[in-house]
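Order of writing sets the labels: A, B, C and D. Residues in every chain begin at 1.
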Amino acid sequence: MTLTDRQQLSYIASQAADARLNVELETEGMTLNIGPQHPATHGTLRIICRLDGEQVIWAEPSAGYMHRGYEKLTEVRTFPQVTTLVNRIDWLGSFANEVPFILAAEKLMEIEAPPRAQVIRTILFELSRIANVSLFLGDLGVQMGAVTPVFLAFRDREYVLNLIESATGGRFHPNFDRIGGLKDDLPKGWIDEARQSVKKLMQFCDTIEDLLFGNEIFQSRMRGIGVIPAEVAKDYGLSGPNLRASGVDWDLRRDQELPMAWDKADWKVWTHPDGDSWARCWIRLQETRESCKIVEQLLDQIPAGPVMTKVPRIIKVPAGEAWVSTENPLGEMGYYVVSKGDLGPFRVKIRSASFNNISVVPWVLKGVYVPDVITILASLYFILGDIDR
Amino acid sequence: MVQFAIEIPYWGQSLLRVVGGLVAVLLPAGGIVYLFLFKMMSFMQSRLGPMEAGPYGSLQLVAEVGKWMQKEDLAPERADVPIYKIAPLIVLLSTFLLIVVVPFGPDAYFTDFETGIFYAMAVGSVSVLGILIAGWSSANKYSLLGGLRAAGQLIAYELPMVLATLGVVIQAGSMNLNQIVVAQNDGEIFGFGGLGNPFIITQFVGFLIFMIAVQAELTQVPFDMPIAESELVSGYMTEYSGFRFLIFFIAEFATAGVFAFIASILFLGGWGIPFDWFGWDGADLGTVDNWMNVAGPIIMATKMFILVAIIMWVRFSYPRFREDQLQTFAWKFLIPLSLANIAATAILKVSF
Amino acid sequence: MTAEADDAPAALPGDGLREGIVDDLRARIGDSLVDSHIAPNDDLWVRVATASWRETGEALKAAGFTYFCFLSAIDWMPSPYGKGEDDPDAEPVEPDTEIKQGVTGGETRLQLLARLTDLDRHVGVTIKADVPDDAAVMDSWSTLYAGANWHERECHEMFGIGFNGHPDLRNMYLPTDFEGYPLRKDFPLLARMVKPWPGIVDVEPMPADDEDDADADAGTDGDAT
Amino acid sequence: MPKKPKIPGLLKGLGVTFGTFVDTVTDGAQTVQYPHEKETPPIRARGVIALHEGNCTACMLCSRSCPDWCIYIEGHKQLAPPRRAGGKPRQVNHLDRFDIDYALCMYCGICVEVCPFDALFWSPEYEYSEPKIADLLHDKDKLGEWMETVPEAPDLEAGAGK
């Protein structure tokens, strides 16, 4: 049994299945290639659609145009070097990518970051969520032809990026987390700046709600489209807002114990019973507000103290296996880290949220119209780097 | 036609008409692109827009045209090349045919059809042909979908537009565009002639329907499914490059200008100012002062820019409909509404 | 944190819960449960027999683990290529080829790895199973957990593990005619081979004497502080 | 929430864009006309890596810890005058080549962190793009020029521990 033979057979089988479908419908479907170079795919995702008129009868995403082989690359890097690599998985909320990896390494080393570092980590984590989701809220408009929201999103996301940059030095790739704490403490005046920026972001949420979410056209495009029931969502392993939009009350920030500071703030996990595109977008809007609240509260609660615990300068992580996942902007982002006691990890399985979130696409796109393909993809919200890794 | 002090031979008159037509189409188009597409959109998005080419970026459009002219005129390998190449010209042609009947002053018009509005509605649909063949001949699935959507949409919105116009025609009692202008400026509202009688007041429903239909006819957001750059990657325009794309681009904004001209004639009183102010008599256009032929175009342009500003404002604020929602909206809402509007207008016209 | 009182867990799950899960699983699949490991109040691993991979999935789904997290594999053979950071002039070190499995042990080079979560009890479980060395084929979970479809495709492409009953094992990332399984350890990472490691260069010694250059490498061997 | 008269979302949307329009006209845009005016990056911004050549001992630590293998160092040993009068001449490493390939650099900053002799610094300078990718390999002279742009480290927020 050679690989190519089997692949060819499976390809022929899928073609035959298509042919059967067409015979039953007695029409000749049109295959539409959405992507890899298409404005709606945020990069290079390709979706092969078989159309009957404008109705999709079969759709299959084809990922891999941006596969960078991170799981392989981690095997030749040391633990500190991996941090800078995983930054680039979900590039819009990069700080959030570092955290679960660092937490996994800390778990294996059986150390914990000092309380001050934990709070600052949580603040930066939520800021990266705001940066990520605010762009989503703007981009949502572009997917439906409204050009203005995305510019407003770019405008207001800048406040968050400036904050992240002045604290970490990197706008998109902070690389600020270290095993055992943080690279550095916050610069003077940062907390006040953060308070003001968070207020602006709260206003931005209101603006987007007025401009986009309140718009009747937007609602008519979103409601009842692309419904994913809770059972299907769990089956496919959807996570984050996509799962909560299906009515599953599950948020890793609340539902698992991690050395982070979410439990110090007063916030709410939003769910929506509908499971449609509208629910997914609305949950994200509400979560941005919750994130702003978390940041606002945690800014008052930063304890004094060091941001780095004692760790060896050359970090050797003891042998073992650890799984840590956090509720990242896109959903559950986890790392299964296997260490053999060397400088670098032996194997890192990166469980990224978008990979699972997008795997539901063939199921959910059946029977929708071409314009809805775009809105459903937009509402599922994926980042290409997060699918392909 | 304008009476000139000196005798101009026929060829000279024709040349003047051509130049005048070009100015009447291209100048508003350029103005719309700069004022609204470059500047108003940017300001609505907290940015400044083009600032480098000329003072405040005013020569940006010239730079863009230069850029497009340089680009290679490509045709896809399997395209139906002659048809493919002719399509943008058909679209632009319909714009020029439209401007022919638009009066800019009591004597400043190109031709004075008795059935001017009828003609305008008829030639306005010619652009569908261009769009449809552009979509079909591009040999591109996105273009095909865009072209078919455009055809469905433009036909669907042709009807409410015509029906909305009918109300005006009933009220003015003429299909001649100049007569419609006169009827508005000469009219009076309940005996008060100080404002004339712009039909936007009595025909407000018709005005709304007309503007919605214009929005759809121009394929502007929220009715831009045929273009839909985030779904169909500019639809029927996908394969066009260089100056053929430029022609589509000009046609889009020139048509916006011309339709706004027509809307201002039908509902805002066109080139006129209330005749009551100067004691002119609407029944005899000869009593209208000659300077109106100069002031008229300026008044028209002002009204046109206001209307285009609204069209563009909506365009920059709204997301787009889905194709089926658009058809539902046209057939189940706009057309019944415009029919009711016609009925109401006719009854009131007879009873008063 | 003020989540609604009804959905917040009264207390986070303790050991008893995880032990209960293992016992429950043993009751369902019997001796197919080869080994289990509990990190107290933290995590749970189970290793099951190769043949009962699918059966385990069914049992766990019935036991409440309805949320599919991920599925992947591990190649336990140490890489023969190292990190590409070796001195080319030095005596080549015999690569360590001893296969040593991690938590819950194992017998084969490749191990399948999956994680399921119980959203009600707030507990996750990592399931491992040995993949036979001679015929790397396992039963597919794709009809059991729909999300496993893509993960199995990825696994097939990256590790060369076949899945019985999978509808469509096409490559996701690589070209169809790609040869080799990139995430297996014996697949070389070319980026680290096409170019010499710049860190290998050392400072040129003095022409005459080359003893007493201790300070040259100050820091390189710096150990734990 | 108190009951407010419901404004149609379509009108609200128009209001938002109009409000932004008015804001831009009155207060100016949020954007910066780049070549004419420039924003100052924060002090910690990772713009470019500057090299203080005098501090470098060619210990290779940065080169070895670089995940992308983009730092190339060559050096040789030479004799330097003794520290104290009458002492033996010291043997020091002299740096011959220190190149960073910014086409490969990921801007992670690990090299700056591991440097035990304070020879590498982050500078917020960002205007060093090149038309050709090969020109992004900068040598120690160029890296030394950037030393002038390195700012002082910022003060820390209250409560920062030692």
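Throughout what follows, a contact is a pair of C-beta atoms (placed from the backbone, for glycine too) under 8 Å apart; a residue touches a chain by one contact, two chains touch by 3 or more.
Keep in mind the model is a prediction, meaning the values are calculated, not measured.
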| item | value |
| --- | --- |
| Separation of chain C from chain B in steps, with touching chains one step apart | 2 |
| Higher-contact pair (C-beta pairs counted), A-D versus B-D | A-D |
| Chain nearest the overall Cα centroid | A |
| Distance from the mean Cα position of chain D to that of chain A, given in whole angstrom | 27 |
| Chain centre separation in whole Å, for chain D relative to chain B (CA means) | 53 |
| Centre-of-Cα separation between chain D and chain C, whole angstrom | 36 |
| Chain A and chain B, separation of their C-alpha mean positions in angstrom | 45 |
| Residues of chain C whose C-beta touches two or more other chains | 222 |
| Two or more partner chains touched - positions in chain B | 44-47, 316-318 |
| Contacts with 2+ other chains: residues of chain D | 10, 13, 16-17, 20, 30, 65 |
| Touch-based graph of the chains, sorted into line, ring, star, complete or other | other |
| Contact pairs between chains, per stated definition | A-B, A-C, A-D, B-D, C-D |
| Chain B partner contacts - residues on chain D that touch it in the complex | 10, 13-14, 16-18, 20-21, 23-25, 29-31, 33 |
| Residues on chain C engaged by chain A in the complex (per definition of touch) | 1-3, 7-9, 12, 41-43, 45, 66-70, 72, 74-75, 78-79, 83-84, 100, 102-103, 113, 115, 119, 122, 124, 126, 145-147, 149-151, 158, 160, 162, 167-174, 176-177, 179, 182-183, 185, 187, 189, 191-192, 222-225 |
| Residues of chain C touching chain D in the complex | 85, 195, 197-199, 201-206, 212-213, 215-220, 222 |
| Contacting residues of chain A [partner chain C, same complex] | 1, 3-4, 6-7, 10-11, 13-14, 62-64, 67, 69, 71-73, 75-77, 107, 231-232, 234-238, 248-250, 254-257, 262-263, 265-269, 312-314, 319-323, 325, 332, 334, 336, 338, 340, 344, 346-347, 349, 351, 355-356, 359-360, 363, 388 |
| In the complex, chain A residues that touch chain B | 30, 32-33, 38-40, 54, 141-148, 151-152, 155, 211-212, 215, 217-218, 220-221, 369-374 |
